[in-house]
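Naming follows writing order (A, B, C and D), and every chain is counted from residue 1.
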Amino acid sequence: MPFIPHTENEINTMLESIGVKQIDDLFGEVPKALRAGELSNIPVGLSEMQMTQLMTERGAQDGRPLCFIGAGAYDHYVPAAVWQITTRGEFYTAYTPYQAEASQGTLQLIYEFQSMMTTLTGMDVSNASVYDGASSLAEAVLMSVRANRKSKSKRILVPRNVNPTYRSATHTLVKGQNIELVDIDYDKETGGISLDSLKAFEGEDFAAVVIQQPNFFGSLEDVDAITDWAHANNALVIGVVNPLAMSILKPAGLWGGAGADIACGDGQPLGAPLSSGGPYYGIMCCKKALVRQMPGRIVGRTVDEEGKEGFVLTLQAREQHIRRSKATSNICTNQGLVVTASTIHMSILGAAGLENAASQSHLNTASLVEKMCAIDGVEKMFDSVSFHETVIKLNKPAKAVVDAMTEANIIAGFDLSEAYPELGDAILVCATEQRTTKEIDQYVSALTKALGEV
Amino acid sequence: MPFIPHTENEINTMLESIGVKQIDDLFGEVPKALRAGELSNIPVGLSEMQMTQLMTERGAQDGRPLCFIGAGAYDHYVPAAVWQITTRGEFYTAYTPYQAEASQGTLQLIYEFQSMMTTLTGMDVSNASVYDGASSLAEAVLMSVRANRKSKSKRILVPRNVNPTYRSATHTLVKGQNIELVDIDYDKETGGISLDSLKAFEGEDFAAVVIQQPNFFGSLEDVDAITDWAHANNALVIGVVNPLAMSILKPAGLWGGAGADIACGDGQPLGAPLSSGGPYYGIMCCKKALVRQMPGRIVGRTVDEEGKEGFVLTLQAREQHIRRSKATSNICTNQGLVVTASTIHMSILGAAGLENAASQSHLNTASLVEKMCAIDGVEKMFDSVSFHETVIKLNKPAKAVVDAMTEANIIAGFDLSEAYPELGDAILVCATEQRTTKEIDQYVSALTKALGEV
Amino acid sequence: MLIFEHSKVGLHKKNDAQLTAIPASMRRGESAALPEVSELQAVRHYTRLSTKNFSIDTHFYPLGSCTMKYNPRVANSIALMPEFAARHPLAPEKFSQGFLSCMYELQEMLCEVTGMKGFSLAPMAGAQGEFAGIAMIRAYHDANGDHERREILVPDAAHGTNPATATMCGYTVKEIPTLADGDVNIEALAAAIGPQTAGLMLTNPSTLGVFERQIQKIAKMIHEAGGLLYYDGANLNAILGKIRPGDMGFDVIHSNLHKTFATPHGGGGPGSGAIGVSERLIPFMPIAGVIKDKESFRWANKSDYAHSIGHLSAFFGNPGVLIRAYVYMRLLGREGMTRVSEFSTLNANYMMAEMKKAGFEAAIPDRFASHEFIITLKKQAKELHVTAMDFAKRLLDLGYHAPTTYFPLLVPECLLIEPTETESKEDLDGFIKAMVQIQQEAENDTQLVTTAPHTMPVKRLDEVRAARQLDLSWTVTQTTG
Amino acid sequence: MLIFEHSKVGLHKKNDAQLTAIPASMRRGESAALPEVSELQAVRHYTRLSTKNFSIDTHFYPLGSCTMKYNPRVANSIALMPEFAARHPLAPEKFSQGFLSCMYELQEMLCEVTGMKGFSLAPMAGAQGEFAGIAMIRAYHDANGDHERREILVPDAAHGTNPATATMCGYTVKEIPTLADGDVNIEALAAAIGPQTAGLMLTNPSTLGVFERQIQKIAKMIHEAGGLLYYDGANLNAILGKIRPGDMGFDVIHSNLHKTFATPHGGGGPGSGAIGVSERLIPFMPIAGVIKDKESFRWANKSDYAHSIGHLSAFFGNPGVLIRAYVYMRLLGREGMTRVSEFSTLNANYMMAEMKKAGFEAAIPDRFASHEFIITLKKQAKELHVTAMDFAKRLLDLGYHAPTTYFPLLVPECLLIEPTETESKEDLDGFIKAMVQIQQEAENDTQLVTTAPHTMPVKRLDEVRAARQLDLSWTVTQTTG
């Protein structure tokens, strides 16, 4: 019986102690009509060996294609030490650190994580994570509505060049509270948000303005100008940031005159494997004044009875287990283990390591784009500065091209036609620091071939 | 500077403390003529990411062929927990447990290992491992010469059906001490050692007789009869055993009337991945009376100053660091980490798990052999009982057949022609518990095809 | 020591990459103040730090409502296989059949074992599953033009995420009292139900560790009033394979895969709160599910769900967690499911029986426990001034993680004890022995208990100071100052 | 508690496989008395057990002569990649080019960094490397018909494996005394050399932690007498990339890859004692090496080495260790090699300087240390009755693994301290501070030191009892009795 440590003898002793004849008697209170039959749609159990064989086959079906796609999840290198330590039983199989004295490992680690996130984003405080980038934006929106004392509005300005799934998920998560996300269109030339387009909203009341840096098209926004405009209009600023980009870009806390009020985004680029989309984690940082409106776990440093330094979950009165229906959020379990990995990842790489990965990704994508654009019928969609993603316009159907390139074992990029039909045949490409010159050249010749064929 | 934790500032402080100007001054005593130049044949350093990419490519070159070969290394399933725990830093990066108080983890584990090996082999005592199966036979031979009080001989009877590389390595390792390995031929019908062939040696003086169970041809020997014959002739008995087979076969300690005197062999089937041939470990068990002749580390249970149970390296007076030129062996570092894995492996599987793996391997090989022999021109070489390997006679050149089967991504077996030219075109095949019926059928059709083509 | 305190400025080197394409005004001035340490320093720091945690792999961890069972190591190694770990979420379907087939089968198995008709793996924890469920209930009423239903009923024993979720979905929460025997107060419930009722959230067995015997009646009452039933599946471990929420009449449920299906809790997550629905809620399911078309698998799109509540996450929940749950379910198989509930129930009832014999007071003494049970230490608190928290802290000294304390809120000085099916009798007995020892200490050497723990890396921590003098991150000035 | 003490008879189930083909007389009667525990019990037992060890990943571990440096984690993950971990040793060359190319390049890199002409990766530890080397020396003399050379010279400071190996190869051992300054006594050496001399085994820098300054002269003396020079490369870390044994005149060397090349020591192994040879010994190399033919790689066979000493192991040494060493060397690259010796030497000399300032007595005070150095506590032993072992045990309490004690044998009450290049100044300073603290304790509270350790899982263990009342394995009767 896998994972059950009882012998027949022990079972009998235990039943005797309870005073019943058989285990099934313990379910005696359950109405007979509710007893389940055989679970015939569940296969019979496999041994660990059979399971490993099965999953090796399943994995082989998917292969290991070359990844030139980002769109919110990035193929960065993670040092081997990161997950070897993260999966130590003491981190891997612990619960949320409710019993502080028996959880100082996790608690100190989260405190270190919070410290790393604040220096990276330039914000005052960080929590211990929310679910992912999309949910971090939703929580930031909810938080901004609670926190903005200058505005009574439940409307949020959200540029169309913010990750479309983030926008959609945020809508799902906030609409129950009658919060409205108001679109701002991007500039057709640059793909970015121009001050001109903001002018149309002047005088209206918004709880917050969202800025994604770099935006979903991979381009850099004029964050200073937008931040100042928002603050001048009594709106808070929510920065959706790529934390790896933060290592070389101006951190959210320094945007404009006063800095963003909330920084959120997805922590995936900092040590989480792509893993089909998760587990990643949502970043949630803010200015000190807003900390009591922040959702999720927060760890604080304190002392024990003998004055020795130690760490605890703090400000718990914000949370659902205390405040119940009046909590800042319903979040309970977060993405702890990925935070653990991320903290170790940042410790091993340090700022220099992150900067190296960020700038090499920037340069690799630039090189890819340059080589692509040398092909007839391929050009950059926008006149803008890219971090490590760029929108490319094709003269052939994007979907067909992407499909054709799978033959060369390449994921060619993200087809934008569904989310941005107005762009025509366009794909969003990305070459992280992991892509070699050889692989970039492979991409370019596969693209040349594909364009000839479709 | 990978792995160097010094800043410029610290380097300067340290040099100052020492009283030199630069690091190179510390090498001032070295004659100038001996200073090395640039190491131009060593490539420049790679980043961890580049290294991982390189090794992923190298691994892909070798692929993952289906393994139907044994010949001393067997493709058994190892539960995932085994190496995840074994590679915890505390086991992985500790040294030999010289400081007992700071090494109770490793020491207790070795004590448990010794206990497991003795119950598995039926012997009284076990050491903490020697290098591998081949070196364990060599050490057993040296030990038998030291230990046999009834014989002054330096001659050892070694059947030709003992693993040929073990025999060759043993020869290398013992010839310096003028020990002679005397061949006994195997029976041409059964591949085993018959009492008749032993009769020829009656009356001669031998320090020991070696028996491999199962022998290199995969067949079971009449260990009782051979053991009794050896003892009757004042020779010790050295059993070379497959420890997984020991879970279902009569253990060496119970062979004949008095049991084998020394049991050795390779621990690989108990949790070591194939890993191109190592690290595995050598088993070394013996009767209690011989323990002071045993080479290698031995852990004993004792108590501390307060009477608390604890573990230490014991009987160290046998070893090179104490006895120097008079030690039982020159062995120092052994195969500790694999012993760790093996101990965890045996704990998770238990006797039942080992027996299941052993019997399923037995049955899979029997099924493979049956299906093979249904092909025209393919037959069993010997009339004998197999454990999980069998010699198969082919009507086409063995090497060519094995080569042809690589096209089907199959390692077809071990070509015996070099070690046993007298057998003609013969291969030794093995199907462990990991080989599925589908894979066995794949083998059979690939063989049919290969025989048709070569 | 913090990792920052090992840091040495100048240790790490930057490549001299040319970032001329990025205007200086958009670039960062100073580098982030991340630690600069060697790989060995980082490895050593976090290896040592880890040993300051209790965990399943090191300790019995009977945390009620949390199902701290063994997390099979093979699930971890499979999830980290490069083919799964390096798979991009937006990979074309050609590179996805292996992964998608696992997710599809996981959906199917969850349907079967819960009796639901559709399953979505998107929610990233129990609370997000609750959100998705309540959002679907709201979308359902909205689709029916039933806009006046603004209230969600929640028993007072419910987990905090239940009321918090209802609020997040724009509902008001009405609490329903519980009877002394642990069942819902049916009269109070009847009184609370009305045309404003959108639905009821229920855990069964409840967080009091007993099975709600009136469940069929309750379901009928809610349904007849036009409401829907939500099942908080945090306690699914108690009934797995024996009783199916779908058969009890629930319209939507979540299952905490990080509890019932043995994925690790990782010191705070990640989890998965996969949700199952009855037939009528299928059109409302969140994006994205996996659909089987003949022999191949594809992602569901909006057209597959007429009234989808939309996305919950950027991609597809937490696939790394889902792979682990899939592996676990396939290892157990059909017959293993029932074993889970049987042995978790056996363990809980055995512990309760033995602890009662040892003189402890069970909160609901005359019923069978489910997979967990509650001990109340109100007598000890009153007579000896030793609280449930004191017992909890002293347990740490004796090598046992504390049970859940002070939850559910309605039982005074309570310990909610959930041993799970993967713990051996040896460990249950050890825990009981420890409790008896603490009881004796409480009587004879009270201070030893009230000042525990004594053997942990720290003694009791000053939580008030932590909340008042907020110190939430390290800054350089702290070491130099 | 032993894993056996958690065992419950009847827990595990056997398949009912039909083994009818195997006669009952050959089968086992009773099953082996292995523990019967659940996977969680095994995982928990060994996870907890591991935490009773000191290790590089948790502690500074300045064990002299052992080079306990950081073992890069990436080497572990690469060695465990399925393509390498599941590769059968006898796989056809078609399935072997990736692996063989790594092994070939490793041979080449080792040649380059040591100045030797050929390298064999076959030996499975340092001692087996020594064996192979001395066996080659013997085979060389034999091939020359030079059968009268029956003696190997070994300095008295040598590691125990040196004389033990010589014996194993059928040689007699003659010890050569060492001077107070750490160099070999050249006159004694000259007197010992003769027509019976087969060779000399030497470590340089020696185990006394100093460089043998007369090495060129010594090499000349031996060679002129017809003997060969063996280099014990356990200390190669001290000179890596800066000085090459081949240039010093050695004919054969071994290198402990588990020391200099950062593969883990695994609590006692596995290791690799790869051996390098000068031109004249190439024909004597052990089987099996890797040979490059045009663009493909193959195993060497007997015909590649005219006088091979033969096999040393069943397959090819310890490839899992070799892969790790290969990864490490490629990570360091050309320029990284020299850095190893420079920083290990800097660390050792800094510690020696600081400890001398703190009042400790260096065994060889007036020379530069190599990558290790010796402190002698003979004064403390005499005046305070506190021994080197007492210091060693007390260090454990303070969180430092003890240095090597009582080796080399010729220095009384010695600690052989090797910090390695991967330790930070912070940790070196911490160790020195601890030594100063112990010195003060030895003066003021002697017993605290002489009864240490006080914070380990056990106090000092009774080694005499262990050797006299041999208890080497658990048997069922031990618990029932």
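Quick note on the criterion: a contact is a pair of C-beta atoms (placed from the backbone, for glycine too) under 8 Å apart; a residue touches a chain by one contact, two chains touch by 3 or more.
A quick note: this is a predicted structure, and the numbers were derived from the prediction, not measured.
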Larger contact count among B-D and A-D belongs to B-D
When each of B-D, A-D or B-C is compared with A-C, the one sharing over half of the residue-numbered contact pairs turns out to be B-D
Chain-centre distance (mean CA atoms) for subunit B and subunit D, in whole Å, is 20
Rounded to the nearest Å, the gap separating the Cα centres of subunit A and subunit B is 48
Contacts with two or more other chains occur in subunit D at residues 8, 11, 13, 37-41, 43, 47, 51, 56-58, 70, 72-74, 76-78, 422-424
Residues of subunit B that touch two or more other chains sit at 1-6, 10, 48, 52, 79-81, 84-85, 87-90
As the complex stands, subunit A meets subunit D at residues 1-10, 79-81, 84-85, 89-90
Contacts from subunit C onto subunit B in the complex sit at residues 8-11, 13, 37-41, 43, 47, 72-74, 76-78
Within the complex, subunit A is touched by subunit B residues 48-49, 52-53, 77, 79-80, 84, 87-88, 433-434, 436
In their shared complex, subunit D is touched by residues of subunit C numbered 6, 8, 38-41, 43-44, 47-48, 51, 56-59, 70, 72-73, 422-424, 426
